[in-house]
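Labels A, B and C are assigned to the chains in the order they are written; within every chain, residues are numbered from 1.
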Amino acid sequence: MNQLWLQRQLALTAKPRGFHLVTKEILKLLPEIDDFSAGLLHLFLLHTSASLTINENADPDVRVDMETVFNRMIPENQPLTHTVEGPDDMPAHVKSSMLGCSLSIPIGQGRLQLGTWQGIYLCEHRNQGGPRSFIATLQGTPSTS
Amino acid sequence: MNQLWLQRQLALTAKPRGFHLVTKEILKLLPEIDDFSAGLLHLFLLHTSASLTINENADPDVRVDMETVFNRMIPENQPLTHTVEGPDDMPAHVKSSMLGCSLSIPIGQGRLQLGTWQGIYLCEHRNQGGPRSFIATLQGTPSTS
Amino acid sequence: MNQLWLQRQLALTAKPRGFHLVTKEILKLLPEIDDFSAGLLHLFLLHTSASLTINENADPDVRVDMETVFNRMIPENQPLTHTVEGPDDMPAHVKSSMLGCSLSIPIGQGRLQLGTWQGIYLCEHRNQGGPRSFIATLQGTPSTS
């Protein structure tokens, strides 16, 4: 069976601290998803203080509450050693590992196969994170049309 | 080298809230694992209030304690904004992102290459989650036998 | 397009409890990364009380604080059921699922495509974990040189 690979480094625009729905931004950066009949999209953030996750794409309150709950679980005012980059830095590293810097999402018939209520979140854990670079790797069987 | 792809949408039966060992249920749904000599199985839940993880396949107390510890870390009685779907809903979204909705597991010689003590868990974070759909994507080199 | 697969079981040497930077140890075990032009490296730990994650490769204090914060989030002195293997065992299972036992990392032009500040961590959650086995699966397009 024929096999297609595509790999590109891309970037998401700078976002304020919090959880952000970025499905549309990522789809716009990757029109080549169309070219795959069955495959996988792998996204890998090149940072250690932000993360990628899948969660609800509807009510924006979910994103607000995600930020609230993670801040409660990993408070900034706890005694820590690595504090030179500010009180938001070490908690950001912890959140990045808890949520993970990468995602694999199935591609089917030229589209990301997300559930009805699923979206891709960029989780910006720094107060001033800036643009976030990532590597997209697409692989699968080519569309025949 | 020849390359095989298989992608199918499947479902796990409804489970009560908690952590459930589903290795056998998944293997029964995917007899095609036999056809791969070396490859990867990718499982992707189409939901945002359940998750998939790998953990101990032996003592059922581990699954009981997992539920207990995650409930302690993400209590339902904390002040939240997204509460319209019930007190178990927003904590379920948090747990789903902490544990993740997807897994990639190596396939070798026609079998899932899990460690001796490893099993696949479906983590049902809702009180009434219902059946859980997922997409299975298998890829690798075909068995020659 | 030609496609290359490689799958091998390997082991990381025994480490004390804590978070350890193992990028160099893994690269030394996998010289075949050189052979891939574009692809993915999948690492899968065969254990349920250790984990793999990506985090900062520079200041060792980050690894110290990761251990501290995860111990605070999942304390050993909480009431649990699965206690026969010692007070560090059940918390180790929880941490393993929170951080995950596997990673997928892009390979480009014969090298792991990690960000400048990213490294691979082995997170040893047991007091006496011993050597940790894992399966490495490499796939992608072959280098032409």
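Throughout what follows, a residue touches a chain if its C-beta (ideal position, glycine included) is under 8 Å from a C-beta of that chain, and two chains touch if they have at least 3 such contacts.
Only a predicted model underlies this, so the values are computations on that prediction, with no experimental measurement involved.
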- [ ] Touching both chain A and chain B: give me those chains, sorted by label.
- [x] C
- [ ] Note whether the interface between chain B and chain C is symmetric in residue numbering, meaning over half of all numbers used appear on both sides, and answer same or different.
- [x] different
Task: chain B and chain C, separation of their C-alpha mean positions in angstrom - done: 20
Task: For chain A, residues contacting two or more additional chains - done: 3, 73, 98, 100, 104, 139
TODO: Spell out the residues on chain A that touch chain B in their complex, using ranges where they run on.
DONE: 1, 3, 38-40, 53-56, 59, 61-62, 64-66, 68-70, 72-73, 98-100, 103-106, 108, 113-118, 121, 139-141
Open item on the list: If we count contacts the way the header does, which residues on chain C are in touch with chain B in the complex?
Closed with: 2-7, 9, 42, 44-48, 73-74, 78, 80-82, 84, 90-91, 93-94, 96-98, 100-102, 104, 133, 135, 137, 139
